[in-house]
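The structures considered in this document are given below.
In what comes next, chain A is part of two complexes: it sits with chain B in the first one and with chain C in the second one.
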Partner chain A sequence: MNNEQIFEKVNGVFRTIFKDDTILVTRETTAKDIAGWDSITHLDIITGMEEAFQVEITGFEVMNLNNVGDLLDLLAQKMSE
Partner chain B sequence: MVFQSWFYFLFLLGLSGAQIFLLPTQRWILLLLGSFFFYSLTGWQPTILLLFTIIITFGSALWLGNEKNQGRRYKILLLSVTAQILLLSAFKYLGFFNDLVSGISHWMQSPSWVQLPLLMLPLGISFYTFQSMGYVFDVYYNIRKPERHFGHYALFVSFFPQIQSGPIGRSKEMLPQWKSITLPQWEMIRMALLLFLWGVLKKFVIADRLGIYVDEVYDSPQQFSGAVWMLILFLYTIQLYADFSAYSDMAIASAQVLGIRIPENFLFPYKANNITDFWRRWHLSLSGWLRDYIYTPLLFAKKKWKKWAVVYAIAVTFIICGIWHGPKMTFVLFGIVQAILLIFEMQTKEWRARLSNQLPSWMYQSLSVAITFVAISLCFILFRAEGLQQVKEIFIQLSQWEYSSVIDYVREKNGSIIIGLLFFLGLFLFYDEKISSVIRNQKENPKKLGLYLSFMVVVILIGMVIGKEQFIYFQF
Partner chain C sequence: MQAILKDIYQTVIHSPHRAALIIASEEWSYTQLWSYAESYAQMLHDRSFPPGKIGIYTDNTKEMYAAILATWLAGRSFIPLNHKFPKERLKAIIRDSEVVSIFCLASSRDNCKELLPQEDLISYNTVSVLPNNRLSDTESSDDLAYTLFTSGSTGIPKGIPIGHHHLQALLEDMKERYPLGENDKVLQAFELSFDVSIACIFTAWVQGATLVVPDLNGITAINAFKAIYDHQVNFVTLPPSALFYLRRLKMLSMPLPWVTKTIFTGEALPYNVAAEWKTCAVNATIDNAYGPTEGTVWSLIYALDELTEQQTINGLCPIGRPTKHIQMRIVNDKGEDVSHNERGELWIGGPQIFHGYVNQPEKSKEVVFQDNQGTYWYKTGDIVVKNQFDQVVYVNRKDNQVQINGFRVELGEVEHHLRGIIKSDAAVVLAHENKGVLELFAFVQGTWDEQTLLNEMRLKVPGYMVPRSIFDLDELPVNTSGKVDKTLLRSKYLQHE
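Our next item is the complex of A and B:
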């Protein structure tokens, strides 16, 4: 899976969780940019990514995510392992 | 040394003036010496303890930085956090242990089998312990590299505007500032002065005045009816905010005069429209700390539990929040009640969203703010009461409602003063956000600011004549 495909899939997870087909995240997107992105939704996003990419994201890794770019890099790294 | 004293003001101005003679890269030395002088006024034993905390957290972070094995890193983190919690407990929670032992002994109808000697509570220990612990967490989670400059790190933990009652600083925001300290421009100093005065005004004129009425009712709870109690609960809610936000404003202003930025601690908490919102506005440096270092790790450690992970993380986080405030069952209960309210809000989120669509938005918003304020005022009984017995007494009084008793109370207390005070409080809550934005606006018209400044000085002088008290949050 290349970076573009990862990005498409990640954006799809965001659209499903926020029930909004117009969402278009960027590498710089953070919780402040999307209304309703609280800690509970954050949990849904992480578990949504785990299911979509069939990977496991640890609590330690979550602590280092500052924006969507960090999440994309983490997923890309996990997919290549 | 309290902020609202001439000695502190001269100390702050002296340090600020002396900074001019040093290079930006050397100014941290002066601030460190000033901070240790400031703290040493509380005694040499607390100063040694502060130094000890600085050494163990500085050392454990360096150790974490040098260790690559994740299992061993976790053990180092545990060791460091345990050492800090033990230190904090030794000074803050022995009384809690004694109470627990006495309670169990009383229940078993036997004499207490052990009573530990109590140690004096070092000033700001809860605040600097969390600040330094947060730094160790940051290094553990690779959020930042360990600080290798001992002086910079010692200043991060001991910085005098923050050490007594926060705001609890974060390493990634604070530590880089010591490398080169730029002196503030005149606009910044003017803003800081205004913010400091605004803090003094909130403390002397609002918090301390309200304290007189609140203390009297709390001293003899059974003499007042439910309606008077409700009035007093509202007054205490405002007193606590005025008192603690006054301290925070003075801390932020003091740091600004020295060219240092420290985080804001409040975001107009009584405009919150639910308890979740309240915790995004109240004591931000503590709630942010708890969110990042307790709630989030717990939530993601148990993420397979889905919604129950949230319930678990909220419950543990808020019990810790309660205990952090002090060694009393009332604080533990405060944490538990907050957790229950937050979980309730989580469960009713969709129902509330539907309700908000059915009511006019102004009505839903006003009702939400009012209900939240009442709920917070009731919760703060646990903050102010001496113990669970008094909490029970207050709730019994609250159930005996007599509207006329409020009128009698106001009459008895010199009605015009109380009505004037309530009017002033209304203005304060209504214009809090506006005043705050004017004070923080560096481009504000200097003449207008001069007018505000003069007004504040006059009001403060009037407040000073009537008397002064300690900051409530110093006890934590």
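Our next item is the complex of A and C:
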């Protein structure tokens, strides 16, 4: 899976979680940028990514995610392992 | 000068370089905190705003914390304006409470311009801050310290004004119960619009301890855990639902031996949550703190011990006994004291009790009264019972109020806004617990696009009041008494949620 495909899949997860087909996240997107992005939706996003990419993400990894870019890098790293 | 400020000033004078505040790994000493607060207070004086309250836009920065003290140093009170709340809600709060100015970051100025005219905003970066260990001698006849707004069943948020004397009464208990000092680090992981934040901030500062504030975006529980770990925080206050996130993301295997005290608050505390936390915070004693905002943060506190497991009801820990200045009654529908072991509504009285909601005299009359001795009492709406150990145990609510992530939510308020959107009364909202986290689900009659309804709701209410899902049904089912059949809705639609 190349970076573009990962990005598309990540956007798909966000659209499903927020029930909003217009969402388009970028590497710079953070919780401040999307209305309704709170603790529970953040966990939904992590769970959604785990299912979509068949990986397991721990809280210690979540601690270091500051924006969507960090998440993309983490997913790319996990898939290459 | 308010007693709380005098207590903080003692540390400014005697230990000026002691850390007062850590946010995002940046640290402010007590003297830095005070210098900023005094400078902001001076700005409030210089701008000569008319009488009224000062809004604090909750940027969750060091400057925001200094602004809290600044309002008091200037003889004013503050109202937190939560940046996560929809504009319409913030406008309603401002209209209701005579806000004359707002402190905000320069980057939040555009958002705040929609709330008040630009000339009434104070951006922190426009204030010249000079080293300052002076104590202003502002005298204010106004005892008001802050006003918080909570969910109201009629769709209008209820303003709860709390005075310095209320807060002082709470802090007297806090200082005796939780003596802190130079080496203590206190976690503050709550939005300023939620009053537990006030207890955390001032329990730390009036005793010269260090306040540690995690990032409140993303998963707060994870950010709080990171702050506890990175800064070796020993005094930790969390909502029980935080454990759900920590468990789910496999973080409870990490030992936190330096945590000496944990207060669970904001939601009912299941015993198994406390026991699970104890496997992580092995050296911590655990308290369960209960209280409505109307009684100034906490009114009853229970210290868990080896007998706790025998004292639970429905798996929930007791809420214990009243704090130092709280009186308590448990009464039946006629307002008569119930006998031991009998359930009843909890009424709390004393100097921590507020005197009535902002501009809502009728609502106030329903829940607040003064007895013959002039003591204020608040009818909490919480049904409780005393167990055989003489500890109070929470049973349920008398009305349709629930706690979502620690925030009080009137289901009626969510229904009110949803009904306004669909322009029909055919809407009902249920709270449903899933793996220890309470969430809202809505049902509306007719054919509706869920995404559109959710987007409309996000414009009207804070995120924690937006339902997780909205089901559109051809018809809302009714039971034999003609009311919406909530039991059927739960069993049919929410079992697998």
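Descriptive notes on the structure:
Rule of thumb we're sticking to: the second predicted complex is superposed on the first by the 81 of 81 C-alpha atoms of A that agree within 3 Å, B and C clash if a C-alpha of one lies under 4 Å from a C-alpha of the other, contacts with A are read in each partner's own complex, and residues count from 1 in each chain.
Everything below uses one rule, namely that contacts are C-beta pairs under 8 Å (C-beta built on N, C-alpha and C of every residue); 3 or more make two chains touch, one makes a residue touch a chain.
Worth saying up front: this structure is predicted, and the values here are computed from it rather than measured.
In the overlay built on the shared chain, the residue A:20 is in contact with chain C alone; chain B does not reach it.
Of the two partner chains, both chain B and chain C are touched by A:40. Once the two complexes are overlaid on the shared chain, A:31 sits against chain C while remaining clear of chain B.
Touch criterion met: A:65 reaches chain C, while chain B stays clear of it. Looking at the superposition, the partner that touches the larger set of chain A residues, chain B or chain C, turns out to be C.
Chain A residues in contact with chain B (one complex) as well as with chain C (other complex) are 38-40, 43, 46, 58-60, 62-63.
Chain C contributes residues 84, 217-223, 225-226, 245-246, 248-251, 254, 405, 437, 439, 450-451, 454-455, 458, 463-464, 466, 468 to its touches with chain A in the complex. Per the touch definition, chain B reaches chain A in the complex via residues 70, 141-143, 276, 291-292, 295-297, 299-301, 303, 306, 309-310, 346. Taken together, the chain A residues at the contact with chain B in this complex read 38-40, 43, 46-47, 58-60, 62-64.
Contact residues on chain A toward chain C in their complex (touch as defined above): 19-21, 30-32, 35-40, 42-43, 46, 57-60, 62-63, 65.
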